[in-house]
Amino acid sequence: MVDLRVKIGDLEFKNPVMTASGTSGFAEELTDFYDVSKLGGILLKGTTLKNRDGNAYPRMAETASGMLNAVGLQNKGVDYFIKNIYPRIENYETHLIANVNGSTVEEYIELTEKIDVLKKIAAVELNISCPNVKEGGMAFGISCPSAAAVTREVRKVCTKPLIVKLSPNVTDVTEIAKAVEAQGADSVSLVNTFLGMAIDAEKRKPLLSTITGGLSGPAIKPIALRMVWQVYNAVKIPVIGMGGIMNATDAIEFMLAGASAVQVGTAIFKDPFIPLNIIDGIEAYLNRHKLNSVSEIIGALVI
Amino acid sequence: MGKKFVENFQVVQNTPLNSTNFLIKIQSEKKLPEMLPGQFVNVEVKNSSEIFLRRPFSIFEVDYSENTISLLVKILGRGSKSLTEVEVGTSVNIVYPLGKGFTKPEIDDKILLIGGGSGVAPLLFLAKESGLTADNVDVILGAKTSNDHINVNNYVSFANMHFTTEDGSLGEKGFVTQHSLFKNKLKSYNKIYACGPDGMMKAVAKEAKAAKLFCEVSLENLMACGFGVCLCCIEPTSKGNLCVCTEGPVFNINDLKW
Amino acid sequence: MVDLRVKIGDLEFKNPVMTASGTSGFAEELTDFYDVSKLGGILLKGTTLKNRDGNAYPRMAETASGMLNAVGLQNKGVDYFIKNIYPRIENYETHLIANVNGSTVEEYIELTEKIDVLKKIAAVELNISCPNVKEGGMAFGISCPSAAAVTREVRKVCTKPLIVKLSPNVTDVTEIAKAVEAQGADSVSLVNTFLGMAIDAEKRKPLLSTITGGLSGPAIKPIALRMVWQVYNAVKIPVIGMGGIMNATDAIEFMLAGASAVQVGTAIFKDPFIPLNIIDGIEAYLNRHKLNSVSEIIGALVI
Amino acid sequence: MGKKFVENFQVVQNTPLNSTNFLIKIQSEKKLPEMLPGQFVNVEVKNSSEIFLRRPFSIFEVDYSENTISLLVKILGRGSKSLTEVEVGTSVNIVYPLGKGFTKPEIDDKILLIGGGSGVAPLLFLAKESGLTADNVDVILGAKTSNDHINVNNYVSFANMHFTTEDGSLGEKGFVTQHSLFKNKLKSYNKIYACGPDGMMKAVAKEAKAAKLFCEVSLENLMACGFGVCLCCIEPTSKGNLCVCTEGPVFNINDLKW
């Protein structure tokens, strides 16, 4: 029996495979398929202080080995979440992690305060990298001062492990990672989606209502992997890797590059069982390589 | 939500019905769960380097004794094209059953089903499963020409079949909303069900609304996941933006912002 | 007959389709397949002042809908080019454009001076975006001051149209584009490759000798398209678009987004005829849409 | 460089030779250009969403009267696997002919061909085309077990066939460089040709170099384009980094930095 447990700060995960925010709803939907207690963790859909309708339809365009989305953080707001959704999911036996979003630092703070008191929320993922909102979102995540500022303020009110989710739409992701580390982030997760665009050549119109959207899926994996490796070598806090992970080999590559855990996003749309298959695949890999613990492959890339 | 599955089915039939429509029948090794008219499956398109996501198709027929599901696939783009090329004996992976079905008609209802394009599939399924006598079920199917209509002989015992074509080559000439039944007898029905191109459904909805009739439409919004996690397939409704894949694809027109 | 001619500065191209630098050698290789005079232009392989061996093998890794390369500007140096290659290709009836590279501003200047006197070189593409060299390359292209500085100095010695090739590995590509426009660039071309990475999970080693490399191919198209659109809206000089163009529809999308011309790169590895097919496809599109000139689709995206 | 083509061929044969090797014969509608042993084709792998680039394969046999090219495809990864699944009657797109062939032996040469793995293909082609009497051509083929060897009965009239297996199940036990011919009679040959795994070729090259024999090897470096434009396939040589796809794949060992 190999040991699949990993730690992010003081928080122990039964295995390193989580589902990414915005790709697994509020966890309930996955229970139509399987018992979610097998997952290392579930990142809940991005939540905001107030109800958000999100962007207009169409919000999605398929691309080569990937997709663009422009959902724009549609959610009913944190109060609805606390009252209606949280009670239904709080007993799932896996780490539920909230994904918090704001247009101002104050919103981030107020939202985090409301989430922080929820006993069964294991950690907070601070999303400063959503490319699909007009205000806030990615704007915070693409400059060091603003990334540092929001992290510092949220850190003050957040007693749970604080994971800061980084944007890949930057010249040097390590600068941002170091900035949020310095403000007390317990971990960084990356990458969020890449700002992209798709056009209907016949109609001469953008395929997304918002013109641009966020690119995810296998297409972005090589860039995401490079960023995880760079960040792993730049910070001391644990890194959570994601971006195009479709199978156990992909997940292992991210862990070799330095990720202590991974998140699976777009792959879920293709097959919601992929996160479970990845857990099995990692176990098989460890057995094949005669390793006792998954922690042995974290950052184990031979240069 | 109900229990959903991701499963490999075997292709047992792939028959062209006309130049653009194919009947694809797939078989499971397991007992099938109950499926309702209006529900759909999300099909993986293998063997194509261009396709990344699954493609949704309505359930057209279910044979619980043979554990088969039939799909009516119209070639629209690359994915549907690739799907119509699957060979008998190969496997196809689907996520199912997805979405909510049509409201089941009452025993004494008089219903009108209006379909165009790929919207034919869920409606014929509904006609078959409605449990009404054929006299109580009228179907109007619209297409460009007679060649674009599929053979519906198997359905004449469940419903009265009517046709429109834009060139008049089969049935009445014009759009479905110009059919004499629709124009003159609309109020004799108490439930209208429509599925097809957006424009057609909106035209139907307009008349049904004016006549204050119960009317459900089945939407075909672009989907990424098909089971409610991505929020890509939304439709603005009186209850806010709802996911067509879980809160639909069938909607009462009164809830839509049409 | 539709008019396929486009202009970059004062230079007229018979059609808007060129082959990208590093993906069509020094043009000769393509003549094994067809008459290159059909092409709008050919961007020659990146050239440096002195001979460069490039990076060690392996230099290539296939990725989802794309590939990573780490060639590292292998070339025999500008003097060898002038003496041995140029005489063989100078009579090709298409625009030959040199792709100039340096590790210092001085190198860029000296190289451009040597190229500038070659009569049959139609323009100079200043590559400040190569991710595969230790010194210079992308380092110039990811900061405004250095991009501006090298453009300013090269402009002084370059009498031919000067195209500056931009890196996509930046937070805001429009800032760089504006900086080089201000220094007299006649055009900007984008995008060069994205810095990426690939790992052999079984061997736990990077797949490239250089660890990271440049990602190209359809995978990057949505991001490249977005950047072209952003830059088109930010500068007045013509934009040359590229990144994952595989067919006429892709090329038309880039032109709708604002590109005056396109370059086809990695697609050539799949099929060297693709640039020609694209020219035919653009012509068919214009006929279908009853347009007389390809210039009518440049920036014609309906928002 | 010579004229090169991008062309659709039709698959006329796809036969498994053993569990991992397939003989794939493809036919052109046009007259084939001349092709030499050691040259290769770059094959598009369709129907696989995971494969982006082409895959290079040596020319194994050419029938100019039938306009067919045969390839010997060993399943190594996803691309070669997918290729071995092509069906007769479907089309395969190739770029060809690529690279430079082996130096043609002189009429009085005594040659030794040493192959392992997928390296068998160009060598058997060379044996057939060498123009020498069978007595002047020795071939040593190495594999893990007898099951990994392919049937070479068609070649006995062109060459003397010898085998090694790691388990001794066919021919001599051990690696090709441990074969008695190689160990004891190496100097009786004046030209050595080798193709196979890197380690094998390096071992052959070492002995050939020590014996000051003419020796050519055919490299299988990773390729993106296959016709000299990408500079991805380079091999360090005494003339600098050379493209294996255009300056090779055949190299004289004296030019390599082995």
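Should a chain be cited, it is by its letter among A, B, C and D, assigned in written order, with residues numbered from 1 in that chain.
Operating definition for what follows: a residue touches a chain if its C-beta (ideal position, glycine included) is under 8 Å from a C-beta of that chain, and two chains touch if they have at least 3 such contacts.
Being a predicted model, the structure only gives us computed values, none of them experimental.
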Lowest number of touching-chain links that must be crossed from subunit A to subunit C: 1
Most widely separated chain from subunit C, with each centre as the mean of CA atoms: B
Between subunit A and subunit B, centroid-to-centroid distance (C-alpha), Å: 36
Mean-CA-position distance for subunit D and subunit B (Å): 54
Distance between chain centroids, defined by C-alpha means - subunit A, subunit D (Å): 47
For subunit D, residues that touch 2 or more chains besides their own: 49, 51-52
Contacts with 2+ other chains: residues of subunit C: 63-66, 217
Pairwise touch network: line, ring, star, complete, or other: ring
Interchain contacts, given as pairs of chains that touch: A-B, A-C, B-D, C-D
Residues of subunit A touching subunit C in the complex: 63-66, 68, 142-143, 169-171, 194-199, 201, 203-206, 211-212, 215, 217-223, 225-226, 229, 244, 249, 252-253, 256-257, 285, 297, 300-303
Subunit A contact footprint on subunit B (complex, rising order): 1-6, 44, 50-54, 93, 95, 221-236, 240-241, 246
Subunit D-facing residues of subunit B, complex: 46-49, 51-52
Subunit B-touching residues of subunit A, taken from the complex the two chains share: 22-25, 28-30, 32-33, 45, 51, 53-54, 57-60, 62-67, 69, 71, 74, 217-218, 266, 268-273
